[in-house]
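My questions will all concern the structure given below.
A, B and C label the chains in the order they appear, each numbered from 1.
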Amino acid sequence: MPTGKQVSVDQYSGSTADQDRSSMDLTASKPVSETSRQYTTELLSIENVSLSFGGVQAVTDISFNIMEGEVRAIIGPNGAGKTSLLNIINGFYHPQEGVINFRGKQRRRMKPYQAAASGIARTFQNVALFKGMSTLDNIMSGRSLKMHRGFLWQVIHLGPARNEEIQHRRRVEEIIDFLEIAHIRKQPVGRLPYGLQKRVELGRAMAMEPELLLLDEPMAGMNLEEKEDMSRFIIDLNSEFGTTIALIEHDMGVVMDLADRVVVLDYGKKIADGTPTEVQASQEVIDAYLGVAH
Amino acid sequence: MFYREAGQFKTSYAADQALLPIRQDRIGLGLILLVAFVAVPLLASDFFIGSIMIPFLVFTLAAVGLNILTGYAGQLSLGTGAFMGVGAYACYKLTTYFPDINILFMVLLSGIFSAAVGVVFGLPSLRIKGLYLAITTLAAQFFLEWCFIRIGWLYNYNDSGAIEVPQRKLFDIAITGASASPTVRYLVIVSLVALMTLVAANVLRGRIGRSWMMIRDMDIAAELMGVRPLYAKLSAFAFSSYYCGVAGALMVFFWIGSAEAEAFDINHSLLVLFMVIIGGMGSLLGCFMGAAFIWILPIAIRAVPQMLGLDVIAATTEHVSNIIIGVLIIFFLIVEPHGLARLWQIGKEKLRTWPFPYSSN
Amino acid sequence: MEMLHSIFVSPFIEMGAYPDFFLQVVWEGFVAGVLYSLIALGFVLIYKASGVFNFAQGIMVVFAALALVSLHGMGVPAWLAVILALGIMGLLAIGVERLVLRKLVNQHDAILLMATIGLTLVLKGVGQLLFGGEPKPMITEELGLPTGSTDWEVFDGIVIFQHIDIAATVVALLMVLALALFFSKTRIGRALRAVADDHQAALSVGISLHQIWAIVWFASGIVALVTGIMWGARSEVSFALEIIALKALAVLILGGFTSIPGAIVGGLIIGIGEKLFEVYWGALFGSGVEAWFAYVLALIFLLFRPQGLFGERIIERV
């Protein structure tokens, strides 16, 4: 099983260990029956979290966990509080109640950059790329936390600062290859079509080499082909690199195929949690999506 | 037709990430440096050096400072003039206290004072954005301007209320003061500007510059990528103000020779802003183009009627150039918000694909 | 200790000792505040309807007043000069809408601000070219505005009220009422509020943005002319006013960019505050503090209440 260790730059770049791992994974990779993968370590757990804005209750008393190495889906009708939940996990919103455990560390309040430093990356529902920068620079920006050369080295841009830049560029180029976006490497992202922008955004999050990757509707607004590409990237990312993924998605077909476990929200409350088949069978979920006859 | 990158393959990331990856650009830059360091000092008249080249370079440096803050880090500032003033007054105080220390060192040191003041007035940027921030920089502008007038200590309690540049030497040659020749002053300035532009280019393409652009383009996403807004914004203010401060010190010590507070008023701030807008936000090349354009346009407008033998009042030409610059600013914001630098880039791209304009990409 | 005394104690003792002088200072500050409010009002109108932060509002005041004075100087009767000056502001509004705003739809607000800075330069150049750069006296009497003053004996002293100041206050009040009526009772006013709320939604119900923008710029042109007349009558019409008018930006921070009551209250706070500060505390700093008081107050205010006195709390969304 992938263990999602923090891997350094050199280890990541196509060493034999990686290949062994990925080939091993491919045999056990999805789509296989959901129960074949067992996860033992808890990466993130959320306990009794509530969040409100003024009088509006966005999230009410939600608890769930994400295991290391799994693909966890968060679904629910519009306005169910899914994005708010992601915002809580990466520190953009601070819940009024409840605690969050990530890698054994407990916290309630955390700045977004601290969440990023602790290994949480994310993509956004409406693409939030750096529009004035090229694809390459956007993905390079994901390496911000891993670059340390100080101001004076930056000034002369020789020696260590330059080597650091090149070293990270190498890693970024691997991601560019992985996502098949080499042809748009130097184009400003603002001019790219939507589907490619989403892909670049995924690349930017990948560049952070996160322990936990949060994807907010990675396939929204895509056509079938683009969705298939994106699904493939997500599966590969999970199985080859062992990245734990939590995703929000409306396309049920995608969710059922990709996710190991699904948590369902409605009106800010958790109404179901389990494997895709379990969730599909839940009466509450069916009611939430189809409405209840009174 | 001579501007082709065909055949220039990059075999390493280092070559691909060079400042000027295309050979023709490197040759072009070499030629420009040759002109700037050899041809101008040897051939140009004192008037051309003193009234065109020196002011142009001083404003270029100020524009680089403002462009770092506004064009690269996305924080609009209307207080450039005041930050230049801080540099000028700091340099003046430093050189009165330590007359024996090299003036060039003092110029570079005075930027640090300006940077510190910039950080203080940049603090609100952590809570507020955009237009609100522009107004806090106005606070800096008016407060500092008032300090330059009211705090006599800053100008050594001169009766004139102005700072006057004493003579300072480098290798026994007078480089500041009344007896320094324009050519010598020009050489000092052009060296500093070239060096500091290189430094800016290096910082902008590295980790720190990228973090500024991230904050500019999408501050929330930047924070979620691990950029600390506190560091990114304040470092942008500091770095930018450093450039403005040095530009201010150069302006007084190597150009106008003495200055009162009015030299750093809001109109001065706006002038630098115009240079950045017309030159191109987010482009170092644009700083040079904008400064040249805004500085030379009024001179040209003054010269044209003279050449035609017309008698036009000096004030009229100033009003006309105000109108033209105003119209151009609006024009550029509408048609090409990235300014002259972008036009230049488009021109180069056209040249690259000529005569087959549809063959690229 | 002495420092603290001169900051926290002696100014107040002085206020208590000469209450008539204190009242005079407050009144002066109040009138200045009314004029700041008027300029800020022009800003708010435009900002609400088009999201443009109009740096040129100050120069519009100067431009309108100069046009009026110069027209009169050419022999046009005062009443006609006012109408013609209004006409010029109307043309300006249409011109700005056609040539600038229409082409900058959906641009970033900083770009719009810079465009109005460009507009400032153009108006300044045109104004100086057409009307000359030197200060001019306002045609106060020809416009039928009162001159002279009234003394009010109070607290064993007198407080002097210039009639023009009283007139300025009354006119400002009337204008705010007229605007309020216009916005709440007329069809255009309703459309304008719709536009302020949501551009696209307003477009979708058939409101013409272009028309609304031109109207709003014209409305703030009228406000500018009135401000210019009043200001000119108190001192004179000159381009120096443009810099002073920037204080209205500080007013906006206090009052919020979109609130008309905010603009008025903010203007009065700054007007009265800076006069009191200058008179009672200015000596400590070496006078001239009026130049920055407004901005520094705004800056401090920003740190604690960025949304302004009457603005709504901003919740950021991802």
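Everything below uses one rule, namely that a contact is a pair of C-beta atoms (placed from the backbone, for glycine too) under 8 Å apart; a residue touches a chain by one contact, two chains touch by 3 or more.
These numbers come from a predicted model, not from an experiment.
No other pair of chains has as many C-beta pairs in contact as B-C. Of all chains, the one whose Cα centroid sits at the greatest distance from that of chain C is A. Centroid to centroid, with C-alpha atoms defining each point, chain A and chain C lie 50 Å apart. Averaging Cα coordinates per chain places chain A and chain B 42 Å apart. Averaged C-alpha coordinates put the centre of chain B at 33 Å from the centre of chain C.
In chain A, the residues that touch at least two other chains are 92, 124, 128.
Listed for chain B are residues 220, each touching two or more other chains.
Contact of a single residue of chain C with at least two other chains is seen at positions 318.
Note for the complex: chain C touches chain B at residues 53, 99-100, 103-104, 107, 109-111, 113-115, 117-126, 128-129, 133, 243, 246, 249-250, 252-253, 257, 285-289, 291-292, 295-296, 298-299, 302-303, 306, 316, 318. Within the complex formed with chain B, the chain A residues making contact are 90, 92, 111-113, 115-117, 121-122, 124, 128-133, 137, 140-142, 144-145, 147, 149, 151, 154-157, 161-162, 164-166, 169-170, 173, 204, 208. By the touch criterion stated above, chain B contacts chain A in their complex at residues 12-14, 17, 199, 202-203, 205-211, 213-214, 216-218, 220-229, 235, 282.
Across the interface of their complex, chain C is touched by residues 76, 124, 127-128, 130-132, 134-136, 138-139, 141-143, 145-146, 149-151, 220, 266, 270, 273-274, 277, 315-316, 319-330, 333-334, 337 of chain B.
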